[in-house]
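Two complexes come next, and they have one chain in common, chain A, joined by chain B in the first and chain C in the second.
So, the complex of A and B:
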């Protein structure tokens, strides 16, 4: 039988460099996996390094195959697929790891280096943060440096190779920047990979249960950021409208999906245009101020019959959308098709909450506006507390328990109870989830999960759907000043939202501005941004003379830069060293009263020295010749001769 | 793949014009260095393209940037390879004469002001050596060139090549150095003893084994008898030496071209070469007669060289 053991001919130092590079490259992908899985993928790396260290032969072929197949099987069991984004990347990581076990010559090592480069590029699927970019640059440096090791004759990987790799990256930078700016961006995917399971994400969900917003309040991650065109509206009217919950099962609120007629509305007051940069939330809804209007809205965004702005695709990547909104409006209720929807919005489960029902039944004789006022008066009586520590409402009558016993709740509790009262009183009402307010950081607004909020919409005759925020009457400060000022149990809020962490909050805002700039100009550098940037440079068209001018100018500047660097590097060191030796010699001669005159070249001066100091004539000629050879004839090997003669020179 | 003859001619003309023959040190100038990507370089470019396609598909701006960084690295690899050769000084020393069928070793000296790593020198397919150079120093490597024909062997165009640091690109240049070496005819193996074949004349001295008077040392050459190696000397020197003996009563032989009953000129030269070597080794006096040339009876290294040179250049003179 033919032996399947492969002898390991690889020099050790570059091999350790390769193992280190692979470990670095795999790390971002491994953070997405369970710990045991990550450890299994790293195992072949450690094994290979150990084999090299002990000078042992590589494992036999069957063992290598078992290893690769095992890693693939685990990926398949975990992801139920080997293609697609997540499964594919983990498969790649596993194969890279398994491939190292059969890497026995320099060619294999180079192929593995290519895989390492590719895996590094795939790390941006995990994150596109600034830190990830910095990390991938470190990875690239290490991969490139170990690649140098395979080219060396001595089989070593000294630190100078890392320095050289660093230089190469610096040289690569102008090319990369130029390409990044001018390479045309396509605005859609080339093909659709099999749908990937959306990961767990924080943010609003399509069902609202008691306590769901309380959890969000404790999460200070950014939900989205907003740039306003022109002056933004006042902070207390920044209701970012998300999912609309219409179906109620006695405890939870859910979105209703049947299509209804879109009510026609008439805008009152100004239209606001703004751009929302949404963090991925794996849902299709977008967040716009109420009410979103078709105004400047781009394609790919739709306004539903429930007046929600939604994206045509699930938002799995950070997304920028431009939206328009009006803050006050009037809806006509003359459309008979709408009645069906309005009836749905008065439905309640048949049983439960007798006291709340009785209270609302008592308002039935009043006009819809008066019923609304009565409910708000009831909630605003001062008996209710706005708190993060609301007790769980587990009984069969949660609304009764909240309104008449515990009287403690968070926004979703009050919105739910309020809509219950309105429906019981015969007014069409529904719950709206979204965000309230946000934090201005210079010229843009940051909205965090903490700002998640639930409120109500009621249908008033002649006005249509209008926003009513029951939390505003329970805790007026929530709307005007933010959550930390208004809620009980604020010490449970993230540290940075608490009032005594002002300096920390300021530092975070500054950092957020950097991150946002990064997102807008680097991550979000798309067709639109590219055109905008070119527009600022006065380029409207890729074939315009102006663009060609810019392009050729930049290329020319780069070439000139390289030329200058090449020229500066060329034997400058030797020439400097030669001049140093020459000056040393001149200092010796100055003591003898021999100083070169302004018009005297090195050769003439050396001849004069030879005449003045006959004992040193030979040395003087030799020094002159060696200096000329080094400095002017570009013969670096003459430097050693020059140095020797100058050192041995003893005038007199 | 063989290049067509017209192409080879054009290439030679072009090379001669672009890389003039230098009798002194030649310095690789920027317009004498050529760079092309290697197969690995193409594979690297394909990898970068795959990253770019992924970036387009997943709309990953930073992956775009990374793909472009990879293109940048490829470009930097090109520059690095170019600079690994740029400004390198190349010069050649005197090579020792060899026999046909051996390799002539030309001492190529590389001089540099900065460190240069993994420079491959070659003169033809079968002669490649690699060298590193420390900053501000020189490195002498022996470039083997197969000696196929007797006579003068001119050092072919030397190709200097570097794939360092990344192997993405191959940078190369040519140095045309004026150097030649004498190639002696190949000594015939198992040649008949010269004592029997040649006429022993001119005094008719009695042949004796010339081992009585120690005459000196000469450098060991392959084929010398091991019992004549000066082991004491070998312990001190780097090379082995052979003890030589002077025997005034030793026989004298004349090796004459015309006496040989061989067909071709080359086989005659081969036989004569073998005899010259054997007689030199034995310490005998010998003379050589070729058409148009006659070398007197003598012995010693200088005489040996003179005879071998005459044999090497025989046809050229005739």
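So, the complex of A and C:
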């Protein structure tokens, strides 16, 4: 085989710049890989820099091929494919790195720089966070600067090139913004975007066991954020309804499956419209205020027969949905098909909890409303404590143990016990999981896992399913003031929820506003929002004359802006008044076809003008002399004369 | 008011015919207190020009033919023990003059070349620990044969940089050559030169040149030219700061000869090729290429 040793013709400094730019660009892709694999991909970079440093020839072709093939093989072994989002991106990174080994002249280097731009763009397949944007901007800056380095003849890469690249990026910003706003969006993703990996404790589960909400209270990560259209309801009525637990096995509550009939309802009071931005939780349920109504609710969202808002797809990435809700309502119970469901909601395990059962059965002769009141009075007797440190209820009768012995519990204990009592008393009841309250950050609400809460719903004749929160009678502060005020064992709460961490909490809220704005306006800018925005401008589709008008108008405005900036820069360079007069004269002469060559001095040019325009010969000499006097003899008094001569000049 | 050297220029033009520009440049070089390198084939009038220049300005003139065995002492002088007075006495060499014509400087060995060049830069000579100042003005006109000829020691770049200007005379045009052939002997014409010139004229003119006004706009131009030489692809390196100083002074002298008390870009353009040409060695050939300076001049815009 013929071995081709390529001579390295590249100046060192821009080459090091290129190596650094590539390392920077590859880094986000390498974070996805095992350490040894990342090191292998970076190896050609270090090798190439070393070769340049020692002034050695590039490796022969067979070795370069072995390198590229080796890197490809590793990708295949690791990913079992060379295409697709993960394998493809790593393959790209590997080959970009290997390409450096055969980069021997300026042309190769420019190609590699363009590949580096592309690789930078691919970093958004790794993450679309605000930080990634900032990082890719730095990458783009470095690539652009070192691309400038190849244009220089002196083989240097001074810092001024970085400044120049920065200016170029700034100049490109308006165009980028325009494209961001108007570029047509695809309604579905081209490929699956990366999901932020949901952790084990990332929210509610489809089963409620004792202690599950206590764990959530210790997790201060954001569950979702809400924007209200108009005035939000009071904080104590912000019950964000999640999964509905109907099946009870004596210890755990689970969601029931199988559809039942949706009760017909009559809304009382105002409808609230709001947009929920949900962090991925790998479940399909959404979180809406009490009773979600079709109202402004978008397609892709379904309201189940248990009055839950659910997404048609599992929420694996951050999701924005607009929902409508009412907080007070009346349900008709004339629907016979509903009876089946109501019966299910009175079922209890045959055995266990004899004392609780006896207590509730004693209320059977009362009206349903009175049974409810009796249960709440029992729980609100002051003997119960709301605590994060509830003892484990391990015995066969957990409800009895809670109600008559330990009397310490968290929301899920009280919700569970209360529903048990209601069912035992013959009132249909179920447990609802969700979140209570939240924290207003300026104009939006942040709801954290800490706000997770469990409450109950009971079916009252004439009213239907109504929300009852037993925790509210045990610890009224939980509803009105939040968890930190009302719970015992609050020192176990996350630092940010404790009251002496106010400044930290404030800083975090401010940062949360930034991240939320990013998610809302950049990541969440999809087809629907684009159409919505265009709708506000009166544009219905992309072929309407109005759209063309807006587009060309904006483009024209941008061009005018650039022109104005360029003009301002030019006039700054020639602030010299004499120079301005001279330029004015040159413009007049340009119409006559008389243009000075770049190196033509003022005297020579004035003489040439005098020869070409004999009628203006005197004026030309006078202008030349006055200009030279002001500019080269530094006689400012000649400026007036220059101005006079130029103003009086009439070519022809 | 026409400057007092006008008549001198006219007289020089009578002796060396058809070389007005070169003569003017040579005089400008002298006015800018710079040394002159003439590079051309033998017999085109280099020596005559040097001789006429000295005579026309009323300066003392010495000529040294550089050969491969010329020693520094032959040029600078030597201390000799005198039996009568029992002491060493310094015998001044030919360098102690106002105009020194160093003929075929590139035939001398580097040691002698450097002795001369040191005298040019310092305007003094140090021998055996004693420093002897050179006369004022001191002006070296060196001639050099084209370096393709055999038996030459080309001047290194550092020494070329000491010459303010490098000129080529070239063949005279047909008409001038005819007039020369028909006219009187050049040597006898030179002998008649300079009898009417006041010895104070040249120092006064040099002082006026040095004081000539240079505006910021002009310095912008000079710096733009310098930047262009420094980033030029085919140039191993650009103009040195010393070269730029020389360029400014030469442009001043040119403006002075034009009866102006300020410098305009045209002055810079007039002297640029002969000031910069020999200081810009081409990367590809290693030798200065006179065309590069002209190209640069055309490429750089007058600000």
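Here is the rule we go by: the second predicted complex is superposed on the first by the 347 of 652 C-alpha atoms of A that agree within 3 Å, B and C clash if a C-alpha of one lies under 4 Å from a C-alpha of the other, contacts with A are read in each partner's own complex, and residues count from 1 in each chain.
Note that in this section contacts are C-beta pairs under 8 Å (C-beta built on N, C-alpha and C of every residue); 3 or more make two chains touch, one makes a residue touch a chain.
The structure displayed is predicted, hence computed values, not measured ones.
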item	value
Contacts of A:628 with chain B and chain C, given as first, second, both or neither	second
First, second, both or neither for A:603, with chain B first and chain C second	second
First (chain B), second (chain C), both or neither touched by A:511	neither
Which of chain B and chain C A:174 touches, first, second, both or neither	first
Touched partner set for A:154, first chain B, second chain C, both or neither	both
Comparison of chain B and chain C by chain A residues contacted	B
Partner chain(s) touched by A:637 [first = chain B, second = chain C, both, neither]	first
Partner chain in contact with A:576 - chain B first, chain C second, else both or neither	second
Common interface positions of chain A, toward chain B and toward chain C	152-154, 634
Residue numbers on chain A that touch chain B, as the complex places them	85, 110-111, 114, 117-118, 120-122, 124-125, 128, 132-133, 136-137, 140, 144, 147-148, 150-154, 161, 164-165, 167-169, 171-177, 179-180, 183, 185-186, 189-191, 193, 317, 522-526, 562, 566, 569-571, 573-574, 577, 634-637, 639-640
Sites on chain C touched by chain A in the complex	213, 215-218, 230-233, 261-266, 269, 297-302
Complex interface listing, chain A residues touching chain C	152-154, 576, 597-604, 628-629, 631-634
Residue ranges of chain B touching chain A (in the complex, touch as defined)	25, 27, 30, 40, 43-44, 47-48, 50-51, 53-73, 75-77, 79-80, 83, 86-87, 89, 111-114, 117-118, 130, 132, 136, 138, 163-167
